[in-house]
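The following pair of complexes shares a single chain, subunit A, combined with subunit B in the former and subunit C in the latter.
On to the complex of A and B.
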């Protein structure tokens, strides 16, 4: 499967230039990394935007941008992954319901609360009657959406599939995530030092990453996706075996991997999953991380996928993402992505230059 | 690969009309609806809206499943585990390995605990593990843990078509040889959130629902879980596992009309049915029975009926089973897939209960009695918010 278009919105100033990764890198001193992008009006009519929650806005804009970038008006499928869906609207409807003791309620927030609102709204904006799907499997939401596209690209090659991941920050969720250890509680946190805090949880982010993929290569494609695998649960020994098997299945060995991109998020309880591969089978190659830039959210790995595509296109790695000092080979051909969240929803994605 | 035939080798269901496949069939056969007064869900609307409630408490379900004291299962997870276990048993799947996947559908997942604990998490650290129940994958993970499925596990949430879409995703995973067998289906429990949500849209009926009736007043909500075990025909035959039915075709299309309302012409449902027929390589005349989405809202039944009229020159025997179970949201597509397969297995069609008056805008009436008849192909429709329209076609096992 080929990646023919890419787009991402998150806490960073994503460069509109084809030649660079970011504008000026954004630093944050709190554990909440809101999306940097604000120019929604350029893409959405004010009347339509009025009722849109932030995930719908981010999703619609990321989708519009990627479609426009390769001149596609009607995708042949819309496939979205979202861990939490339209969480804020869902919270508002529930708060009103509880406050009024099930009194008369306006349906607006209920209508917008459904998990497939983003995919539905993209279809509405585009008047697109094609296949429309939404996956909501925690940290594997984007990956299983991509897997769906991958399966479709094999059975029917000449279709342009829009696939993406989106999640929004919810204020109340962040409060709760400080209770259950998902979000760091330090008063001040510098996102650049994310891996230095010896505490549980991570920093919270939001964003949307959308792609146009196809079984057919366009000129020029960013990358080809060789394979995707997800595992609901693995132990560390199992993880290593699955990583090795995954490469073997694709007729590759660890030596063939030029860059290894991991989802390290600074959670002392779970970063060991990354360490177990980083200090072992992938110890001698450039290792990258990214959650210090965009925060942790269920579909933050969509940004890693964007990063990998961009690296293959530019043939360089952003210094700010480097975990070790290894420099990449003169030609970057193969990138492996690995992500998990709290020991669940492990995923591998294998991308190659094309 | 793509031309591999997908078969169903196991089914499990729990709904307001029974806690297993046999009980559900027997209620369908006897025209016995499960819709009645709310008893378990705590809501001020107890006397206002009849629902299809499963009369088993969470405690009883947990005891049946032999869960430990602090299990942190949502009600949807309890119902899901209960029904999924039946499906795996019937398919004789004893050892679960990484070749066994799970595609689950749910609309609101753990909303039952979220709405109970929303302002109370802080009161007690024992509530903390339920904070994660706010994302639907939590409910799926609980079921996966219970069954020991650790490989490909995902959740689809496309509102009321989630269950049908889970069936579709499972079939794709098998066809591309990503798995040997896959558990597919959906679960949803009643919640104040959905009851009040549908009430805010003014589409809940204060009376028993009447799908495809001129005087229909809206839907009755329900709760249910339904699962199928899918594998390839070749694999099922290799292990001498009886085949219950074939999954012949499927499609999903979008109405692209409105976030919650269906278009007057039923464009999305028309496309879903038409593409499912193409996918199955069938013509409309070959469909013997349609298990309609038929929620009994004025909008759905008109839109779906119009689309059916456009596609089928002569409408096949058609009924909605929503008046038995209520509209079980994500689970609807899954339990109705089970009902569709029962129709093929027992060569019968099910009644559309409470029907009295033909709709003026449609040229057909739903079938209103249990009847034995030849059934080779069944079309099952599921439509959801976000314009999401899905159709599945099952055929008789040879």
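On to the complex of A and C.
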């Protein structure tokens, strides 16, 4: 499957230039990293936007941008992954449900509170009646959507599939995450020092990453997706074998991987999953991380996928993402992505230059 | 301007997320549905909920709603007639 278009919105100032990764890199002193992009009115009519939550706006804009970038007006499928959907409106709806004793409920919050609202609104904006699917699989939601597109691209090559991942910050989720240790509680926090805090939890983010993929290569494609694998649960001992088997299945060895991108999020309880691979079979190659830039959210790996596509296109590594001092030996041909959240929803994605 | 009419405008702007409008932008006789304010069918449902929740008035006849929700003035008169 070929990646023919890419777009991402998150806490960083993403460069509109094909030649660079970021505009001015954004620093945050709170554990909540809201999306940097604000020019939604450029893409969505005010009348439509007034009912849209943050995730719907981010999803619609990211989808619009990627389709426009390669001059596609009607995709052949809309496939979205989301961990929490339109969480803010879900919270408000449930709050109203309790407050009104299941009586008078706002129809807008009900309509907007379902997980598939983003995919639905993208279709409405585009007047697209093609295949429309939303996958809700925790931290493997984006990967599951990508897997669906991957399988579709094999069965029917000449289709342009819009696939993406989106999640939004919600006040209640953050409050709950603070209570159960998923969010860091240090008084002073800087996102660039995310891996330096010896504490549980991470920083919370939001964003949308959308891609146009196809079984057919366009000129020029960003990357070729070779394989995707997800595991609901893995132990640290079994992880190494799964990684090696994943490469073997694709007729590769660890020596063939030029860049290894991991989802380290600074949580002392779970970053060991990444360390076990980073200090062992991938210890001699460039290692990248990204959650210090965009925060942790269920579909943050969509940003890692964007990053990998961009690296393969530009043939350079953004220094701000580099975890070790290794530089790629020659041209960057193969990138492996690995992500997990709280020891669950492990995923591998293998991309190659094309 | 009566308090009820101002109150209705404030509630409508807040409830329906009419971010671009202020109380001064909505005239009492402006058509709520159509070109002037541009509300739609989902907004009509929101107004029915607002009427019942905030004023205790239940609108049971759909035909009645068309006239009641015509403008701020008709809505205010309807509420006054029920109180």
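Quick note on the criterion: the second predicted complex is superposed on the first by the 354 of 354 C-alpha atoms of A that agree within 3 Å, B and C clash if a C-alpha of one lies under 4 Å from a C-alpha of the other, contacts with A are read in each partner's own complex, and residues count from 1 in each chain.
Quick note on the criterion: contacts are C-beta pairs under 8 Å (C-beta built on N, C-alpha and C of every residue); 3 or more make two chains touch, one makes a residue touch a chain.
Everything numeric in this text was worked out from a predicted model, so none of it was measured.
When both complexes are superposed on subunit A, subunit B and subunit C sit side by side without a clash.
In the superposed model, A:50 makes contact with subunit C only, not with subunit B.
In the superposed model, A:179 makes contact with subunit B only, not with subunit C. By the touch criterion defined above, A:134 reaches subunit B but does not reach subunit C.
In the superposed pair of complexes, A:198 makes contact with neither subunit B nor subunit C. Legend: residue contacts after superposition of the two complexes on their common chain; A:105 is shown touching both subunit B and subunit C.
Which of subunit B and subunit C touches more residues of subunit A: that partner is B.
Looking at the shared chain after the overlay, A:87 reaches subunit B, while subunit C stays out of its contact range. By the touch criterion defined above, A:151 lies against subunit B but remains apart from subunit C after alignment on the C-alpha atoms of chain A. The minimum CA-CA separation between subunit B and subunit C in the overlaid arrangement is 8 Å, rounded to the whole angstrom. Within subunit A, the residues touching subunit B in one complex and subunit C in the other are 104-107, 111. Chain contact summary for the complex, subunit C toward subunit A: residues 15-20, 38, 42, 45-46, 49, 52-53. Per the touch definition, subunit A reaches subunit B in the complex via residues 78, 83-85, 87, 93-95, 97-98, 101-102, 104-107, 110-117, 119-121, 123-124, 126-138, 140-141, 144, 147-148, 151-152, 154-155, 173, 176-177, 179-180, 182, 229-234, 298, 344-345.
If you check the complex, the residues on subunit B that touch subunit A are 2, 43-45, 98, 102, 107, 109, 114-115, 118-119, 121-122, 128-129, 131-132, 134-138, 140-141, 144-145, 149-159, 165, 169, 172-173, 175-176, 178, 192-193, 196-197, 199-202, 251-260, 267-268, 271, 384-388. Against subunit C, in their complex, subunit A makes its touches with residues 46-47, 50-51, 100, 104-108, 111.
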